[in-house]
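Both complexes shown next keep chain A, but they swap its partner, so chain B is in the first and chain C is in the second.
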Partner chain A sequence: MKNYQLSAKDLAAFFEKVLSNNLRLIAPIKVKQNESQNVTKLKNKAHILFREIPSKDDLKNIVIDAYTDMSAKEIFFPRSEPVIEYTNKKSGVVIKDIDPQAKETVLFGARPCDAFGFSLLERLFSWDYDDPFFLKRREKTTVISLGCTSPLESCFCTSVGLSPMNTEGSDILFTPMSNNNNDKEDRYLVEVITPRGEKLIESIIGISSDLKNIFTEGNSLVQAKAAFENKVKEQMKRKEDFKDITEILKYKFDDSQLESETYRCLGCGVCSMVCPTCHCFDIVDEGEASHGYRMKNWDSCSFALFTKHGGGHNPRDMQFKRCRQRYMHKLHYYREKFADALCVGCGRCVKACPVNLDIYSVVYNLKKAYANNKNKEDKEK
Partner chain B sequence: MTTTNINYSDLQQEIRDLSKDLLESKKVNIVIGYGAGPLNEKPIPTFITNAADVDRLLYNEHCYHNLSVYLTKAEIRPKAPWAIVVKGCDARSIVGLVVENQIKREDVFTIGMPCNGVKIEGNLPSKCVNCTVKNPANVSKVVSSIKIDSSAIIEQHPLHQDMEMLNKMSAEERFQFWKNEFDRCIRCYACRQICPHCFCNTCIAEKSTPQWISTTPGSRGNFAWNAIRAFHLVGRCVECMECSRSCPMGIRLDLLNHYLAEEVKNSYNFISGMDFEQKPPLTTYNLKDNQDFIK
Partner chain C sequence: MCKNIYRPMLTKIISIFDETKDTRTLRLEFCDQAEKDAFSFKAGQFGLYSAFGSGEAVFCISSSPTKKGYIECTFKKIGKVTASLRNLDIGDVVGFRGAYGNHFPIDNLKGKNLLFIGGGIGLAPLRSLIDNVLDLRSEFAKVTILCGARSISDFIYKDQIKEWEGRSDLTLVKTVDAVANSQEESEWKMATSGHATGGRIGLIPKILSEMNPNLTDTLAIVCGPPIMIKFTLQELEKLGLPAARIITTLENRMKCGFGKCGRCNIGPIYICKEGPVFTAEELKNLPASDF
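Let's turn to the complex of A and B:
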């Protein structure tokens, strides 16, 4: 596939073309809360979320140099959506399917970890039953990811085998690059990765001579990217490899270490809600007896209600058992079934957890204890 | 001596010594305090049951969690008697839990920390600006003999202007303001789980026969959930602002809670969590209660 380069100042022209092609554009913006008027100018938290950019005038709101608080999974798998509509008539109950409302979309600014998350979700949603809601939206969306140049303290994508600039899951990857290593990044290497990405680039550049001029030959940057990628990887503070944790967790189900590591969990669902790969949902009916909708809403295995049975029994009766389920699912069960871990190392749960529960450090500590134990056993032999 | 400077390593050592004594003498079974977390400036709630482990406890200006939430959790409750590290604001939560018969006063040994404001991601939270409990009250023991100068009360509460803004709005505008806020709610229930005063075994949001609040994240259920939680906390919330800190969507729970606390102060001359003898006004009655609102 082709590589281009695009000057950072021409990004807006590209977006304008996307909009004028009647494509829905989704990108990270700073979502306004009702701003605090307070006298002491205490800072309110800024929230960067993926939202639709309805018109040219809104392009200036796109935030490129920050990380979003929520993942982009809600574009394909919204926090709440109707799956059927029912009407109770005298002649009987009429059930109507819901159209997933999949529009041709360009999703800009997902990070490489988010993009890999889409491929993890796709494996699940096309496994024993093809979920039309997820798959149709994914089919109609071109994912343009943005490579990371300054990972956060909480990032650990290399631990799960990814990189700040990996391409899997993206249709097109924009990587900010500079002229040489010391300058500020002022251009993008545009790597076209899939036929879907190629189709978008072709359809947009193909009809516009202005864009042909700004999307120039990019092969010359590919080598520089590899060096830059290694440099950024070097900057990452969290590098423990997660590969062998799957094997270790097999023996940790009844281990008290998992309990003590997760003892402080309060049982809210923030981690699942911000996660790019958590996909459990709850089915509820909303409406009246005469008419309503069956809804599919995000759920979380951290909630006490998640496994509570109709009869009142709860097999996961303590919070640490719910936490254990989250880790086991991500790092053991999912990997056994679908080859990869259900964690992309984005670190959103690490940042959002009110009591700073940290999946990376849990894995780190489990591995350390396992290695210590093994050393001891070997010595005794 | 009155001071604004705190030597945290001294305080930390005193917590460790005291915890060791309490555990060794079997006065308590568990110490709930702060320990080093995996990330800088983010200590974690830490539980010590063995006197040999007290050196895992730490204390610094980043110890912002209100640990009293743990006392009513299923894992910790059976471990009473507990010792718990509290700042002045957190101690108010303990008073609230005792007054509402959730814990027994004799079961909890409160280790009170003098505090000149915490730092949350480098910022001073609004609750610390006009703090009146920098030197904790109603605790079993105040660590160290230092007294924090708490005379620096600025005239206006940091949320005063926001309150004025709400007061100037028409009812419709105010409704719209809160609707905008609650629309963002993703129903993760972090506000409820971190709240020391949300101790119900089954929350009204979890009841399904009949269902009181729609669990679908959409404006109808979101408004009901946030409004009902606010009502349940009137006169009980101690404004520790942990819900506001935990909310991943930045909903202005700080403003909501402060507004209601001011209402209670003006109507009943009551500030929650200050007195072991006083019940929250909306959970009790008094023959002298103002009745002129009944028309």
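Let's turn to the complex of A and C:
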């Protein structure tokens, strides 16, 4: 597929074209806490979140050089959404399907890890039974990811086999580049990854002569990107490879170390909420017996009620068992079923956890203990 | 891809059977003729039944696939959804999604001696299979049913058990954990109709050991509460039945029924997709502390 380059100052012109083509544009903006909550202490706290950019005047709010607090999974898989509407009257029950409201959308600013997360979720939501809500929105959304040039301390995408500029899951990847190594990045390498990405670029640039002038030939930057990618990877502080943790976890199910590592978990579930790949949900009726909606709501395996039977039995009756489920699901079960681990190394759960539980450290410690044990065994032999 | 997988089909209650003071069976008929014609399932599969406004709950289909035109579910009133389902009357509408999950390997049972062991409400999934087998009786060898309940009044499908007792082409043994008094005891032990012997007293594994059945060319199908399954499987293996020839069902809390909502797994196995029917051998590979 084609590569272009685009000057950073021309990004707004591109967005304007997206909007004037009647596409819904979603990008990260700063959202002040007090817009939704009236808690004085939090009034000045702002979160970076994915939101719709309704008009040209709002383009200035787009935040490009920060990381979002929530992943963009809610574009495809909202926190709460109706799946049917029911009316139950004397004359009978009527069920109405809900339109997933899948509009042609351009999602800008997802990070390469987030984008890979979409492709992970797609495997689950199309596992034998196609979830039309997720899949229709996914089909209508062109994902333009933004390559990472300065990973955070909590980032560990390379541990799970990704990179700050990997392409899978994105339709188009924008990577900030500089003219030479020492300058500030002032342009983007625009890599078109999928036919969907190509369609967007063609439908936007193809009909506009001004855009043709700003999207110039980009092949010359490809080599520089590879070097830049390696350089950024080098900067990452967390590099422990997660590949062999799956094998280790198979034998760690009843290991006391996993229990002690996760003993302090409070069960608040924030890790699942910020995670780009956590997908567990609840199905509940909201409304009256006569009329209401059946809702699909985000849920978390960290919650005590998550697996509690009607009869009272709870297979995961202690918090460490719930944590164990989370790690096992992500690093062992999902890999067995869908080829990859259900973790993209974005580090949001690491930043959000109120008791500093850190999936990377847990894996690191388990691996270390396993290696130590093995050494000991080998010596005894 | 256009189909809404969360949309339930509508069914109408055509009969209600009170099994015990808190357990009820609903017989449901699909409202839509096309859905009724298209619907099929196999013994062992389950569905999500909904009372609109209260939500969905998961039960097995307790009727046999050989009984056409309706499905049945048997449930105990235990929470919000089951209480609402219990409040419904004949003619009322129940939502149904399914059938989901795998099923009893009925083709592998053909020509074999079958030992059915059911405890409490675990008789529900078992009944679907027993009726299926009995409707095709000539295709199977010896049939033995061992069923138990906490007390005499806790038996579900009382009429059906009576009917089974009267058949000469199967052996039925029934037991209760305990009886209330000596009068109940003598009545229970006398309770014979047709060819069956009187009721026994004692837990299923103990009765099983006393029966000391000949297990040559036999498959055992065991359903019941987890604790009963655990000790019954141990007893069967003690009696010499290999784990690969013991079939059982598992259940866990479920919301979607098709492997997406993420809560019914035991280790890497999703009960809703890879279960609910497993052999005892398959269970040995699952982590015991996740049950």
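Some points to look at:
Here, the second predicted complex is superposed on the first by the 370 of 381 C-alpha atoms of A that agree within 3 Å, B and C clash if a C-alpha of one lies under 4 Å from a C-alpha of the other, contacts with A are read in each partner's own complex, and residues count from 1 in each chain.
Assume a residue touches a chain if its C-beta (ideal position, glycine included) is under 8 Å from a C-beta of that chain, and two chains touch if they have at least 3 such contacts.
The model shown is predicted, which means the values in this text are computed figures rather than measured ones.
For the composite obtained by overlaying on chain A, chain B and chain C can both be accommodated side by side without a clash. Using the contact criterion defined above for the overlaid structures, shared-chain residue A:63 touches neither chain B nor chain C, since it reaches no partner.
When both complexes are overlaid on chain A, the residue A:153 reaches chain B alone and has no touch with chain C.
In the superposed pair of complexes, A:292 makes contact with chain C only, with no contact to chain B.
Look at A:268: by the touch rule set out above, it reaches chain B but stays clear of chain C. Once the two complexes are laid over each other on the shared chain, residue contacts for A:282 go to chain B and to chain C alike. In the superposed pair of complexes, A:355 makes contact with chain B only, with no contact to chain C. In the superposed model, A:95 makes contact with chain C only, not with chain B. Legend: residue contacts after superposition of the two complexes on their common chain; A:224 is shown touching neither chain B nor chain C. Of all Cα pairs linking chain B with chain C in the superposition, the shortest spans 5 Å.
Under the contact criterion defined above, the residues of chain A that touch both chain B in one complex and chain C in the other are 282, 284. Taken in their complex, chain A has these residues touching chain B: 31, 33-34, 36-40, 42-47, 69-70, 79-80, 153-154, 263-264, 266-270, 272-274, 282, 284, 286, 295, 297-298, 300, 303-305, 318-320, 350, 352, 354-358, 360-361, 364. Those residues of chain B lying in contact with chain A across their complex are 37-40, 42-47, 65, 69-70, 73-75, 123-126, 129, 154, 156, 158-162, 164-165, 177, 180-181, 184, 186-190, 192-194, 206, 214-218, 242, 245-246, 248-252, 255. Remark: chain A residues 83-84, 86, 88, 92-93, 95, 97-98, 124-125, 127-132, 135-136, 253-254, 279-285, 287-290, 292, 294, 296, 299, 301, 306-311, 313, 315-316, 321, 325, 328-329, 332-333, 336-337 touch chain C in the complex.
Taken in their complex, chain C has these residues touching chain A: 1-8, 10, 50-57, 76, 78-79, 82, 84, 93, 95, 226, 252-253, 255-256, 258-268, 273, 287, 289-291.
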